[in-house]
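Chain lettering (A, B, C and D) follows the sequence in which the chains are written, and residue indices restart at 1 in each chain.
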Amino acid sequence: MNVEVGESFGRWPGGDDAASLAVVSSASVACGFHAGDYNAMLRIVELAGDGPVALGAHPGYPDLMGFGYRRLDMTPREIRAMVLYQVGALQAMVVAAGRRLHHVKPHGALYLQTLVDPDVAGAVVDAVASVDPDLFVYTTAGTVCEAVATAAGLGVVTEFFPDRPLSADGSLLVNWADHFDPSPANVAARVASFLDHGAVPAVGGGMVAVSGDCLCVHTDNPAGAAVPAAVVDELRRRGVTVAAPQPVERPGR
Amino acid sequence: MNVEVGESFGRWPGGDDAASLAVVSSASVACGFHAGDYNAMLRIVELAGDGPVALGAHPGYPDLMGFGYRRLDMTPREIRAMVLYQVGALQAMVVAAGRRLHHVKPHGALYLQTLVDPDVAGAVVDAVASVDPDLFVYTTAGTVCEAVATAAGLGVVTEFFPDRPLSADGSLLVNWADHFDPSPANVAARVASFLDHGAVPAVGGGMVAVSGDCLCVHTDNPAGAAVPAAVVDELRRRGVTVAAPQPVERPGR
Amino acid sequence: MNVEVGESFGRWPGGDDAASLAVVSSASVACGFHAGDYNAMLRIVELAGDGPVALGAHPGYPDLMGFGYRRLDMTPREIRAMVLYQVGALQAMVVAAGRRLHHVKPHGALYLQTLVDPDVAGAVVDAVASVDPDLFVYTTAGTVCEAVATAAGLGVVTEFFPDRPLSADGSLLVNWADHFDPSPANVAARVASFLDHGAVPAVGGGMVAVSGDCLCVHTDNPAGAAVPAAVVDELRRRGVTVAAPQPVERPGR
Amino acid sequence: MNVEVGESFGRWPGGDDAASLAVVSSASVACGFHAGDYNAMLRIVELAGDGPVALGAHPGYPDLMGFGYRRLDMTPREIRAMVLYQVGALQAMVVAAGRRLHHVKPHGALYLQTLVDPDVAGAVVDAVASVDPDLFVYTTAGTVCEAVATAAGLGVVTEFFPDRPLSADGSLLVNWADHFDPSPANVAARVASFLDHGAVPAVGGGMVAVSGDCLCVHTDNPAGAAVPAAVVDELRRRGVTVAAPQPVERPGR
């Protein structure tokens, strides 16, 4: 179970990260380009401490005004440099705290591009693999990014977003405020539907099949940290144990 | 012999980094806060390639408008986070290129503060030591920063700036344009004076004693890469070999 | 009665500006340097519409990370240029809406400098006077800024901040969170004390004399728009009418 | 004859604006979003002084890294706010210098969008018209922007860029470095061809018809201010007098 954290900027707050970190198994930390800053990143690393939450980097486009939700015209080479920069910035803080970076998950418009564009996915995956081949890539099952990361030998964790609406074709809706009930009860119900049926209600009616190794929730939901808490309650009721995957020992390393 | 590189931003150029990298033994790379950006940083790492130039991070205050020459009111904790961020960003690019980061040298107003302020020096040194204790710190001999870094067990490289004027008390002049002849000939003459006498002419008259393991030159001199070239010529004439220091093997690592 | 508005950035919210605008007589709008952006500024201008709230510019240092609370080393010439830029940016939106800009009030570290530094006060006042000599300057009574603005022929509105603590010498405390009760009840009580006695309790004990043409409250109080509402209630109870000053007709214009 | 000026940022220089201002009749000033800053803008206004060069605003996307050459996903409402902000910022400096803003010309990706997209053109034109209906809009002849600005009652100045290559269909090439000889001699030859034949050589062969009230040159050409100087020489040889259009007196204003 994954949550996106550190999405503050300067004096402007993000979500309730302490509450979120108390219930999830992994967290993706904003790296200062779409949100977050060096102070917020260090605060998250310290909040996580030596606890069980695996920390990953959540790099996005350099666009604080648009929160990384706007696509920027950048070459794969620029994207690779930008991802290296952000991943390294967080990695240094994690290493300084005596821990190891766990994964990388692109944010916003960059995330959506990696799902369908081999050049963008390749740039992100190459950055990750060249920094540390034991880093996992978090993405959506059945996408270009999953294929590219797997081909590069990286571990992949696929994720389902129970707090975001899906179209009938399985794609995420970006501007969803008018199309979705983000209450803890509804999100927990979607988790139950995912576990029981491998499918959830789609926007516009009908069910859409979903799969994933991981549930990812956001902290910018109106209900805040009550959403991850409701998801955890649903999982506990079913006796599901939550844990982040760990790098396997590989011969010759 | 050290040079500061990567001081471009977007389409605005910095110095002639290729020419500089061809003659020096180590380079300090701007990390995107006072100058430089992810594209410029990756370009420098690629220019250096597998060559002999040791690459270090050159972190500064987040102030593109002021080129990091303005002091910002930040707590030691914020400074530590800011240095971790910038050092990590470059380190990831260096590691991705199959190399290892060599040193850290603070920039501009941050550099000047580390010379005299134990809290600022401590924040920078602690960031460096917690990322990688084999990183060297570049600073000025006889300063607070040298003492703090040495006490923390870090290797220290002291440097002399032959292309910048010194006051009679040994301090650097920040706004020096009207007080100094930055021509290659004068800079080379100062190198000769440093090597022969351990002293150079001070602003206002008289000589000021200088010491250092390393000569550091800038690429934003009006004469550009002709300055480091003139310094290298002077050293060659004297049969001085230039090389960056290497981490010693330490038992137990 | 004045409130500071538009202190959002991108997707990060500021205070409840609609509620604040409903009860005050004038508002100072952040201009994108310490907070606010072009979207937020236009939203405030539209919220104000043709209503009775006079709109002023609230320029600050270019420092989103520090919310303009950090002093930046800038020359008076740079400060003048920076104020012209921000005042003009808001003025164009106000003019485009068929209205006229009412005042200028510096923000944060810039505000505090204008209270004591004639060069900084002069730079701000000169910028204001050269854009439109009918603009009022909002500042604190008895300060350098009041004197400089008056000498330049500008109208001055002096203000008292009932929601911020004062030292016994009358100076504002910047980091006040641990020293002050910002509840609507306490702020209203300070308004009553100001009106009845011309003095309010100082931090550390005793009373401190205060004066002012205007009460200024902030929207970043923990109680939000309940604070200006409580102040307005206190004023109404006393039959005080609230209105922003208007430029007098001057012969020859 | 128009030139784009003020395209510096902080310590990074732009073109030789003083030399350009000495030979042109109007200048479009970068407003701090794609290039330029408050200091650079004020410097241009002071350089222009009471001389004959008409000053206009050159607003672009908020993208210093990309120099405004990347399209950003923004609504027309956001674009209108962004243009108002930048135009107002420069206007205040021009008014403070006792002069009047002359025109607005969008920059880079925003300019290209206004040529073909009625929503973007409408947002820009509406911003201009609501600030001051006597402002001219600079654009390309026969485009959506020309039509929208004319319909809104604004004066339009159409321009031809002799220092940029054109496709056979008349469209500008953005990445032209490999397709064009930007030498002063070639640019002057294109001016001559424009004046004699109303057409210039197109990229890929053949001639392409061009029209325009104004010649616009850039200061970021490799040959710098020698390009506008060569154009002026060509015009002088032909006895062409250069002057910026002036707002006509309109009844009822």
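The rule is simple: a residue touches a chain if its C-beta (ideal position, glycine included) is under 8 Å from a C-beta of that chain, and two chains touch if they have at least 3 such contacts.
It should be emphasised that the depicted structure is a prediction, and the values quoted were computed from it without experimental measurement.
Q: Applying the document's contact definition, name the chain pair with more C-beta pairs in contact, B-D or B-C.
A: B-D is joined by more C-beta pairs in contact.
Q: Cα centroid separation between subunit A and subunit B, in whole Å?
A: Subunit A and subunit B have C-alpha centres separated by 37 Å.
Q: When the centre of a chain is set as the mean of its C-alpha atoms, what distance in Å lies between subunit B and subunit C?
A: Roughly 43 Å separates the two chain centres.
Q: Per the centroid of Cα atoms for each chain, what is the distance between subunit B and subunit D, given in Å?
A: 41
Q: Out of subunit B, which residues touch more than one other chain, so two or more?
A: Within subunit B, the residues that touch at least two other chains are 65-66.
Q: Sort the chain contact graph into one of these: line, ring, star, complete or other.
A: complete
Q: Which residues of subunit D touch subunit C in the complex?
A: 32, 38-39, 41-42, 77-78, 80-82, 84-93, 95-97, 127, 130-131
Q: In the complex of these two chains, what residues of subunit A are touching subunit C?
A: Residue list for subunit A touching subunit C: 8-13, 37, 64-67.
Q: Considering the complex alone, what residue numbers of subunit A touch subunit D?
A: 62, 65-66, 70-74
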